[in-house]
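Below you'll find the structure, written out as structure tokens, and then a few comments.
Naming follows writing order (A, B, C and D), and every chain is counted from residue 1.
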Amino acid sequence: MTTDIKAALRAQAIETPSWAYANSGTRFKVFAQPGVPRDPFEKLADAAQVHAFTGVAPSVALHIPWDRVDDYAALAGHAADLGVRIGAINSNVFQDDDYRLGSVTNPDPRVRRKATDHLLECVDIMDATGSGTLKLWFSDGTNYPGQDDIRARQDRLAEALREVYDRLGDGQRFLLEYKLFEPAFYTTDVPDWGTAYAHCLELGPKAQVVVDTGHHAPGTNIEFIVAFLLRQGRLGGFDFNSRFYADDDLMVGAADPFQLFRIMFEVVRGGGYGPHVAFMLDQCHNLEPKIAGQIRSVMNVQEATAKALLVDRDALAAAQAAGDVLGANAVLMDAYSTDVRPLLAELRAEMGLDPDPMAAYARSGYFEKVCAERVGGTQAGWGA
Amino acid sequence: MTTDIKAALRAQAIETPSWAYANSGTRFKVFAQPGVPRDPFEKLADAAQVHAFTGVAPSVALHIPWDRVDDYAALAGHAADLGVRIGAINSNVFQDDDYRLGSVTNPDPRVRRKATDHLLECVDIMDATGSGTLKLWFSDGTNYPGQDDIRARQDRLAEALREVYDRLGDGQRFLLEYKLFEPAFYTTDVPDWGTAYAHCLELGPKAQVVVDTGHHAPGTNIEFIVAFLLRQGRLGGFDFNSRFYADDDLMVGAADPFQLFRIMFEVVRGGGYGPHVAFMLDQCHNLEPKIAGQIRSVMNVQEATAKALLVDRDALAAAQAAGDVLGANAVLMDAYSTDVRPLLAELRAEMGLDPDPMAAYARSGYFEKVCAERVGGTQAGWGA
Amino acid sequence: MTTDIKAALRAQAIETPSWAYANSGTRFKVFAQPGVPRDPFEKLADAAQVHAFTGVAPSVALHIPWDRVDDYAALAGHAADLGVRIGAINSNVFQDDDYRLGSVTNPDPRVRRKATDHLLECVDIMDATGSGTLKLWFSDGTNYPGQDDIRARQDRLAEALREVYDRLGDGQRFLLEYKLFEPAFYTTDVPDWGTAYAHCLELGPKAQVVVDTGHHAPGTNIEFIVAFLLRQGRLGGFDFNSRFYADDDLMVGAADPFQLFRIMFEVVRGGGYGPHVAFMLDQCHNLEPKIAGQIRSVMNVQEATAKALLVDRDALAAAQAAGDVLGANAVLMDAYSTDVRPLLAELRAEMGLDPDPMAAYARSGYFEKVCAERVGGTQAGWGA
Amino acid sequence: MTTDIKAALRAQAIETPSWAYANSGTRFKVFAQPGVPRDPFEKLADAAQVHAFTGVAPSVALHIPWDRVDDYAALAGHAADLGVRIGAINSNVFQDDDYRLGSVTNPDPRVRRKATDHLLECVDIMDATGSGTLKLWFSDGTNYPGQDDIRARQDRLAEALREVYDRLGDGQRFLLEYKLFEPAFYTTDVPDWGTAYAHCLELGPKAQVVVDTGHHAPGTNIEFIVAFLLRQGRLGGFDFNSRFYADDDLMVGAADPFQLFRIMFEVVRGGGYGPHVAFMLDQCHNLEPKIAGQIRSVMNVQEATAKALLVDRDALAAAQAAGDVLGANAVLMDAYSTDVRPLLAELRAEMGLDPDPMAAYARSGYFEKVCAERVGGTQAGWGA
């Protein structure tokens, strides 16, 4: 069994986001950090470090326009040179002054056109970089009751999604992200998985739902959503992070490691452990160093995955069938209570990696090197 | 315009639930009240009072087995004699010892069979009473991670729903209710509108979603769900009540009258103001007198409806199209800030009713009469 | 270090509540279980099993009037015979019809007098049983805005607390419990720790706050409250249980074991690990068997405690002082990720216990025995 | 009675914040608006407009360092020339790079000294401007378990507060603000009213609690806190705004006007309607125009106040004493359901104001004037 688990863990791919290496913060303050990249090429270099030390972070998500470059083929080539590849293309229709009242759901048709054109440009970038996945998150919504027509905004959304969907090529898909609130504070146009699912269903199989673990109302059972979407064949992937309150974007596994384990267990149980369900990180390292924060996060996902794979599913099924509440719960908890760090250390050694990625990265001197080298220029951030 | 609004208000039908007239409480205590009905016939008599004084509560929902009688035709006839009619039939698969681990999603096929048979029996009762609506709420779920297989429970649920759906006759439909939690404390098998919607969509047009206003996670925007379900043609009706915390089941409009107004506005705007969207109350009068509590609740829905009908939709649409955030909000708030009680008093006078239903009911002596008459026997409650 | 940790764990005392052995449920249904005690003596017998197999559950909380007996000295003697002792006395002023609108905060002075007299009776029972702790939880509150005067209810509460406080003897204290909501659905008279703390401060050192882990608003950081109350010298103890949604009363550690660990760490760090801070369980085993559920819960607290004791506090302090966010977090997580079950198994063996309490209890045949013996009579429940 | 109510409303003073006139936004985007002030003098000019049209907004809160000027006496004189005065001084210890890990609770004593010095500087500014109130909000907290010592941070907080408290002159006080979360995402050092209250109590009567209506956990009953703090003599004032989700900072009264009414009723009932409890706005007009947004907000507070003053308190007390749940609720709702806009229009006419402040401001041409005049320079925002 350990052999199977190791094989499964070795095959895991956790995508890190280019923007995690850039400065980020809250509305109150962005604390700049030393050594932060100044362009997409430097972001890829940092992401490559995460893969180098963990062995399971082979791709990097881009955010357009933050990662806009003149030559995407060159960017993809740069990634390949670094041992990684371009992952999902994330569209951004929330940072232009035109989008004050929405992007694809804006009451003004001119703004909608502009927003949809940006989404289509992102598909062009997918073509240019070989990316198979477009991630769509809309900050669209309203702040006040009456501000706009809830239903008309759905019609506008459906129209834009249709146009983008029809533009997708073979082997391409889009993932529609939902979020309860922020930056919109009264309505959000895709506030929950049901809304995203309903739109995807009307569009076709290339439209799938992506679950950002920080985007739910308090008390929402995320693993239920995971299990349900897998049953319906519509789970496209995850934006992992963690939260105690709202969309806090902390390191995945930092706030509720047991929840992460339950989510990963439903992924495994539902047949979602494979290339079609993307494991992506979407986090903000506001206080902690960014590369190290990503390494730690990748390891947290690995640990939760290892525990999920350890669950004795035969014993679990037997206890469930027998209505043995305590027994079934105990089977699950046995896996969760196991310390999987030795197993992962062993796996890393077998993969030719240092068993302790955090320590190895610290020793590598990479951070000191980029701090020294990356002087001048403008540090990348959410706005650039 | 006032004439149109009055006509719309006069045509409104708000269904009261038979169980609102019976004793109810919390897990800590059920405080029995004087004059409470002892059987379904007495419950109908109380419900008829609510209609007599408000003029807009012409039907009464039944709960089976709480309202099980030998002769449903007689019960329907009794209702007609009282000036009301039988409304939705509510199934109950949560109060038998067999349902400890679930009803239609129970791991034990014998229990599932029993539960589904109960649902089919409810359709028989619909036939016997002339009811067109079956309301399905399942308390099914689990309390502990691992207790049962989340996905297998969905398969079992789908199977039961299909069997019931196929049993529905012409002019019959079922409404699937969702609820975040309680009495299940880890997973609930139909926890949100998305789950209910997905099942209904697979079943066909006779399956629709019912929105209980108390069944959402904190922060959920209910009027968004209402607008969305109306757009998809799947809003079957409401179970109205209000809450500050969880499923508190307080009188509708008592906790957040502005939310109720916003919900009613989306109903009106979305074309849901008509017989196909059922307005039902589902409340617990744990502390306050029950008949008076229902009258007050019906009036609260009326007031919210009147305000929703008062919204100047042309002015609203113009402000929305212009991106005038404050102006659009002001149009909505103008209607909400209006005191509609004089309008409703006028309407009641025109309908031959007392303009003040609460005072008229108090003067009627009905409560004193039933307190005196209903001695002996067993008071109806949630368990009977 | 392991020696110290073992010594600390050996000295731990986790109190189980008499009512956990009785039937419980939700407002929807109480599912009766076989073998449930019919009187306080049988409850003590069940509690003694939990201590027999875990070695760290030496006391049993009583709930008055549920555990009212004619001869409390006899009950205490019975406990001693079974190897346990009487713990906290829990007052109950929520199950009499008089308490519909409150107990000590009721607008009616007659009811307030009755409620306060009950609290004084509980101090008498403390005298008779040798209990040093009175636990006060009030379900008092209102369901509707305007129903009663928020401030006047505080005055009434203060008056009753003062009378009870003054009745306490040497070596006696009371713990004031707070709860956000339920069964009151608009205001609760002691809704949060701040309210409880303010009252205790005005009363004196024998009044302390008890933290029920299920009684907070979503998102509340419980370990912060623990740390703060310890700093102020007012943390009297815990009512442990766990929740995903509201006051779900699930087995402690079942919903968020990481939170339980963080709480226990603050207890240890704040000097609260000792006899003055009481570790009590307050749970409902609605679906699972009750004695086994308590054993499991006691073990969950033990595991969280063991992990909390394992934290390398010197390394933690050093990382904190250095502002090393990831490093400090890693020190804490290292302890949490450790599998402490082998350590606890070893400890149990040293204590002359079976290393696996769940299995040993199952093998003991106790459950089968009480199922066979306890026929006839009325099973104990929340109402008796 | 109407005369008394009008007199009370005429005497009301609602303070607007200088930063409400500047650009604001979310972490995703700040949408700049035309005509926004470029310095504190222009902010005061905008604030004076709000007072000119409403008659009840005579003071303006400053935020230091955002409103730092060389000559505070000149700024105060400028305010007087405009017909307003300087209100509360708001300290800001969250926007310097040094404050990444906290200000007065930072593990580094150098940073703590710097932060405390800033607070003391704010008292100097109070002296210079004649302000009697210092508002203290700390963004201090941690993002990860273990990041810092929860209790040590309280000790550091207490030390800084003591130093500032001792610096206060006669007729000066400080208001301590609490907030559940954001920008700190694991612990916040002053997360709830209980923490603020406990610190104030230890300091003395010049330290009071300020309630920001957006800073609570979901489900928190804010009017309870208001009533409780008034009873304890520790309610210093409000930061008004409204929210559907987290600290959304929408216009007060926009999300839940009934809650605002309930809060104002407790203020009136508890004797807090007077100069010692400050009514301040603390909002972000991210989408809507700022001056108009403030006028609307002031009017919303006025309307809630008028309704609160309209409550028939004798009838309410009688119904409460009689335990008449529905009757007592109805007394409150009667006041809330009243349309107070005619009364307020009348009052404004009597005060020599236009009865419709929004329309009058729109007609005044002020907005067009500042849009034309305020070109060049740097618009004020949260960061400056």
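Methods note: a residue touches a chain if its C-beta (ideal position, glycine included) is under 8 Å from a C-beta of that chain, and two chains touch if they have at least 3 such contacts.
None of the values given here were measured: they were computed from a predicted structure.
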{"item": "Shared chain contacts [subunit A and subunit D, defined touch]", "value": "B, C"}
{"item": "Interface copy of C-D among A-B, A-C or A-D, judged by whether over half of the contact pairs recur", "value": "A-B"}
{"item": "Gap in Å, rounded to a whole number, between the CA centres of subunit D and subunit B", "value": "40"}
{"item": "Centre distance in Å when subunit B and subunit C are each reduced to the mean of their C-alpha atoms", "value": "37"}
{"item": "Junction residues of subunit B, two or more chains touched", "value": "101, 143-145, 147, 180-181, 186, 218-219, 221, 244-245, 254, 258, 287-288, 325-326, 329-330"}
{"item": "Partner subunit A, residues of subunit C touching it in the complex", "value": "218-219, 221, 244-245, 254, 256-259, 287-289, 292-293, 296, 303, 325-326, 329-330, 336-339, 341, 358"}
{"item": "Sites on subunit B touched by subunit A in the complex", "value": "101, 107-108, 143-151, 154-155, 180-181, 186-188, 191-195, 197-198, 201, 216-221, 223-224, 227-228, 230-232, 258, 262, 266, 269-270, 316-317, 319-321, 323, 325-326, 328-333"}
{"item": "Subunit A partner contacts - residues on subunit D that touch it in the complex", "value": "24-29, 31-32, 94-95, 97, 99-101, 139, 143-145, 147, 180-183, 185-186, 218, 243-246, 248, 250-251, 254-255, 286-288, 382"}
